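You will see chain A twice below: alongside chain B first, and alongside chain C after that.
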Partner chain A sequence: MSIYIQSASHISIQKPLSEAWMELPIVPDSAFMKSEEPDYKPFISPMEARRMGTLVKRALATSLDTLRKGGCEMPDAIISGTGLGCVEHTEKFLNAVIDNDEECLPPTSFMQSTHNTISSQIALRLKCHGYNSTYSHRGTSFDSALFDAFMQLSLGKIGTALVGAHDEMTPDYFLMLSKLDYWKMDFCHLGQLRKGEGRGSISGSCSLSMLLSSQKQENALCELKDVELIYRPGILQSRHAINEVLLRNNLSLKDIDAVVMGLSGDCDNDDVYHELKHHIFQNVPTLWYKQMFGEGFSSSSFGVYVGAVCLRVGRIPQHLFYFPEEAAMFQKEPRNILVYNHFQDRDHSIILLTK
Partner chain B sequence: MGADETYACLLAGRSGIGKMKYLKSKHTDLPVGEVPFSDEELRENLFIKEDASITRTSLLGACALREALVSASLFPRDKSWKMALVSGTTVGGMEKSELFYYDFLHTREKDEYIALHDCGACTDMIGQANPYGFEMMTTISTACSSAANAIILGANMLKLNRTDIVVVGGTECLSKFHLDGFNSLMILDHEPCRPFDKNRNGLNLGEGAAYLVMEREETACQRGISPLCKLSGYGNRCDAFHQTASSPDGEGAYLSMMDALAMAGLQPSDIDYINAHGTGTPNNDESEGHAMMRVFGDAVPPVSSTKSYTGHTTSASGGVEAAISILALIRGFIPANLNFSEKIDSLDFTPVTEVKQGVELHHVLTNSFGFGGNDSSCIFSKIS
Partner chain C sequence: MEQLIEELKKEIIEVLNLEGMTPADIDENAPLFGEGLGLDSIDALELIVLMEKNYGIKLQNANEGKEIFKSVRVMAEYINAHRTK
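Now for the complex of A and B:
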C-alpha cells in the first residue's frame, strides 16, 4: 500500500498558505515572531471569525485550503497534533477562575479550551463523521498524529486523512517558557542559531495541515514511506531504528539524499543532532527548517513539510542546508529524504519521504 | 484502588462519590469522585521522593500503570519485548498550574512545574515513575474519550507489529479548572449523579487512572501468559454536531457502536452487557440512549453506567470503564446503575439497578464520548 502526501498548507512566520519561503524566506529578527495571518474570508465568514479563537481559525484555514488543493471534499479521518491546545482560551478561563475566585464564570472559553476543539471544529465545519482524534505529546504531537494516520492508511481502514499540527505561542506562555531557557532573548541574526551556542531558540506559532491519501493524484508532494516513534533511544537505538525503517523500505543510507533535522540553535537540542550526524549521517547532507519557522510544540511538522515540498519541486534551495559546504556540493534531484526530530532527547521521530 | 477493591465495591453497591477532601475548591457542596489518597500518600506508595516535582495526574497514572504491569507479569521488565505506552489526559498538570499560575508569571519559585503542565509531560512522568524504559510513548487528548482512543491506537500498533506490548489507558485528576468549567456549563449535579434517570441533573466530576496491557496472542503465548480477554472490535466516530453537546439521535455514538460490532463480526444480539458512557447529564443519556435503541432496536442488552460509583473520570473514564467491563466479563457479573428510579420518557429501556452475579458474559461493549463529539466504542470478548 502506497501513501501519498497530496497537499499541504501552513500559517507560520513565513508568508501564509504559500511556498514563497522556498525562494524568499522571511528572516526572523526577534525571539518572539508573530505569524502572518492570511485573508480568512475565503474560508470563514467575518462573523464566525470574530467568535473563533486564533488557533481554530488558523486550523480551519489551513485545513480547507489543503483539502481544496488536494481535491478532497470529505476526508475519512481528521487527526491533529497540538502540544498545548487552545492556550488562548485556556489562559482566559484559568485567569477567570483565579480572578473571580471560582464564581460567575462564562463557559465559552472553557468550551473552547480542550485540545480536541481543533479536530472537532474542523469536523463540525465539514460535517465529517469519520475517525477523529487529537495527540498532545509535546514536540512530537504532530508526529504521533501522522503515525496514527499512516497506520490506518496502511491497514486500509481509511483512504484519506487530514492531518494537522496547530500551536500558538501566547505572550504569557512565551514568558513562562523563557524561564526554562526556551528562547534566545537577545536574538537578532540567524548566525546565532547556526552557531548553536547557549540555550534557547526563536519561537514560532505553527499551523500546518496536510492531506494524506492512499491514491496518488496529480501534483502529490511525495510518498510517505514510513513513520517511526522512539523514546529515549540513545545513539545505538537511534541507529537501529533508522536501519529498521530503511530495511522495511528496501533502502540503505546511501539512498538517502538529505536528512532534515530539528536543529534550532539550542545547544542541548542541537547536540543530539550533531551526534547523529557524526555517527550515522556523515555522508548525508543536513537540512534545517527551524531557522525559518521557529521552535514550538508543532514545529516538527515543518520538517516533513519542507522535505515534501523539496521532493515535489525536485530541488533543495540553498538556504535549507545547515552546512554551507554541503550546499555547494549538492547537485542532484532529491529522491529520498529522511526527517529526524526529537524533543528534549526523549521522544524521537523518524519519517521517510520518497519522490 | 486496584481491581479487587473495585470489584468488592461494585458487588456491594458502594460508591466512591462524596465530599471533596483534597481538592481545594470553594464549591464544597459539589460531590466528587475523589481518589481517597493525598499526593503524599500516593508518592509514598510509589517511592517517589518528597521534594520531587510531580503532578497528581501523573501520580494517579503511575499507580495504575504499576498495577497493570504487575498483573501482566511485566514488573520487573522483560527486555526481550518491545513496549509502548499510550496515555490519555486533558487537564494534565493543570491542578498544579492553577495553584502556581501567579508564580509562573511573576516569581521563580515554581518554575519546575511550568514544564510539567502539558499533557505529554504527564505521560513522560508516568513512564519515569515506573523506571521502565518504554520504547515509544505518546499522549491522546480527546477529552472524555481519550483513554478509549488510546486503546484504539494501541490495537492498530499491534496489528502492524509496531510494538510487542502496548500499555493503553488514561489518567486525570480533579482540578478547579475542570470542576469550574463543568460547573459553568451547568452540568454538575449537586446530588450523587443519576445516570439514565428521568430526573437526572448532571454529572459528578471524578478522578482516576486505568491502564490495560495489550499484546498479540502469540506474544502472550510465548510469554506463557493467559490473557484476560480479547479486544474484538472498536470504533471511533465524530458526532460533528456541537462543541459540547451530543446530537439528539446520537449519530456519532450510533456509528462508533456499529463500527465496533462490524469489526468484531458480531450481531447486536451478541452483546451481553453495555457499560454506558452514561454521565448523568440530561443531554448525554438521552442521546446515548437513542443511539443504543438505533443499534439494538427493542432488545437493548443490560446497560449500566458505573459513573454512579466513580464519578466522571473524564480522560481516564475510557480506561476505568474498560477495566470494569473486563472485570465483569471475567468474573461474571453485571454492575448496577446506582440512583435510578424513573425511566426517561423517550427511551424504551431502563438500566440494571441491582448487581447481577453468576452471569455468563461473552461480549461486553463500552462507550466513551467526549466534548467535540469524539465518540468511541470498544468490545471486549471472552476467549473461547
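Now for the complex of A and C:
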C-alpha cells in the first residue's frame, strides 16, 4: 500500500500558511521569535474563537487549510502530536489556582489546557467521528503520531489521516527553559547555530498539519515510504536501522539525494548528527531546518515538511544545506530524501520520503 | 444599579472573551442564553465563578441560575441584593 503526503500547512516563525520560506526565509534574529499569526476569520468565527487559546486556533487553521488544499472534507482519522499541549491555558489555569487560593477556578482554561484539546477541537469543528488520538511524547510526539497514521494506512484500516504537530512557546515557558540552557540567549546570527558550539538553540512555536492518503491525488507533495522509530540506538544500531529501511524499499544509500537532520546549534544535540554524518552519511548532502523554524517539542515535523516540499517542487534551496560546499555541488532534482531526527539521543526516527 | 450594570457588562465581556464587543453592544434586558448573546452552558459556569470571585455570591442551587442569568439587569439586581463584597 502506497501512502502519500497529500498536502501540508504550517504556522511558525515563517510566513504562515505559505511556502514563502523556500524563496525568502525569515531569518531569526533572537532566541525567542514570535510566530506570525494569519487572519483566522476565514477559518474560525469570532464566537468560536473566543474560547480557544492561540494553539487551538493555529491547529484549526492549519488543519482546515491542509484539508482544503488536499481536497478532503472529512479525514478518516485525526492524529496529533504535542509535547505540552495548550501551555497558554495551562499557565492561565495554574496562575488562577495560585491567585484565587485554589477556589473560583475558570472552567474554560481548565478544559482548554488538556493535551487532547487540539485533536478534539478539530474533530468537533469537522464533526469527525473517526479515530482520534493525541501523542504526547515530548520531542517525538509528532514522529509517534506519524507512525500511528502510517501503520493504520498501511494496514488499510483508514484511507486518509490528518496528522498534526502543535506546540507553543510562551514567554514564561521560554524563561523557564532558559534556566536549563535550552536557548542561546545571545543569539543574533545563524553562524552561531552552524558552529554548534555550546548549549542551546533558538525557540520556535510550531503548528503543522499534513494530510496523508492512500490514494495519490494531483499535487501530492511526495510518497511517505517508511517510518521507523528506534530507542537509544548506538551508531551501529542506527546504521542497521537505516539500512533496513532502505533495503525494504529497494534502495541503498547511493539513492538518497539528501538527509534532513534536526541540527539546532546545541552541541549535545548536534554531536549525534555529526557522528551520523561521519559514519553513515559522508556522501549524502545534509539539510537542516531548525535555523528557520526553531527548536521545540514539535519541531521534528518540519524536517518531514521541508523534505516533502522539496520533493514536490523538485529543488532544494541553497539555504537548507548545512554545509555550503554541498550546496554548491548539488545540481540534481531530488527523488529520495531521508529525514533523521532524535530527541535527547534517546528517541530516534527515520522517515523515508520519495517523489 | 445602572453603574453595576455597566460594570457587569465589562466583566462579562472580559471573562467570556467576547472580542470586538463593547458594553453598549449588550442589551441589559435581552436574554443571555439562547437568543440575545447566545451564551452556552460553559459560559454559565464562567458566570457562576465570576459571581463568586467578584461579589462573594455562592450559588447553592443550580436551578437558581435559570432565573438569575435571564438578563444582565436581572443578574445585577440579584448581585445587588446578595453581594458580600
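Annotations for the structure displayed:
By definition in this document, the second predicted complex is superposed on the first by the 355 of 355 C-alpha atoms of A that agree within 3 Å, B and C clash if a C-alpha of one lies under 4 Å from a C-alpha of the other, contacts with A are read in each partner's own complex, and residues count from 1 in each chain.
Keep this in mind: contacts are C-beta pairs under 8 Å (C-beta built on N, C-alpha and C of every residue); 3 or more make two chains touch, one makes a residue touch a chain.
Since this is a predicted model, take the numbers as computed values, not measurements.
Of the two partner chains placed around the shared chain by superposition, chain B is the only one that A:114 touches, whereas chain C remains out of contact.
In the superposition on chain A, A:180 makes contact with chain B only, while chain C stays out of contact range. Shared-chain residue A:105: touches chain B and chain C both. Of the two partner chains placed by the overlay, neither chain B nor chain C lies in contact with A:342. When the shared chain is aligned, chain B comes close enough to touch A:131, but chain C does not. In the superposed pair of complexes, A:46 makes contact with chain C only, with no contact to chain B.
When the shared chain is aligned, no partner comes close enough to touch A:58: not chain B, not chain C. Comparing chain C and chain B on the residues of chain A they touch gives the larger count to B.
In the superposition on chain A, the residues of chain A contacting both chain B and chain C are 103, 105-107, 111.
Listing the residues of chain A that touch chain C in their complex gives 46-47, 49-51, 100, 103-108, 111.
On chain A, the positions that touch chain B within their shared complex are 78, 82-85, 93-95, 97-98, 101-103, 105-107, 110-117, 119-121, 123-124, 126-138, 140-141, 144, 147-148, 151-152, 154-155, 157, 172, 175-177, 179-180, 229-232, 237, 297, 346-347.
Within the complex formed with chain A, the chain B residues making contact are 25-27, 89-90, 92, 94, 97-98, 101-102, 104-105, 108, 111, 114-115, 118-121, 123-124, 127, 133-143, 149, 153, 156-157, 159-160, 162, 176-177, 180-181, 183-186, 236-244, 251-252, 255, 370-374.
Within the complex formed with chain A, the chain C residues making contact are 15-20, 38, 42, 45-46, 49, 52-53.
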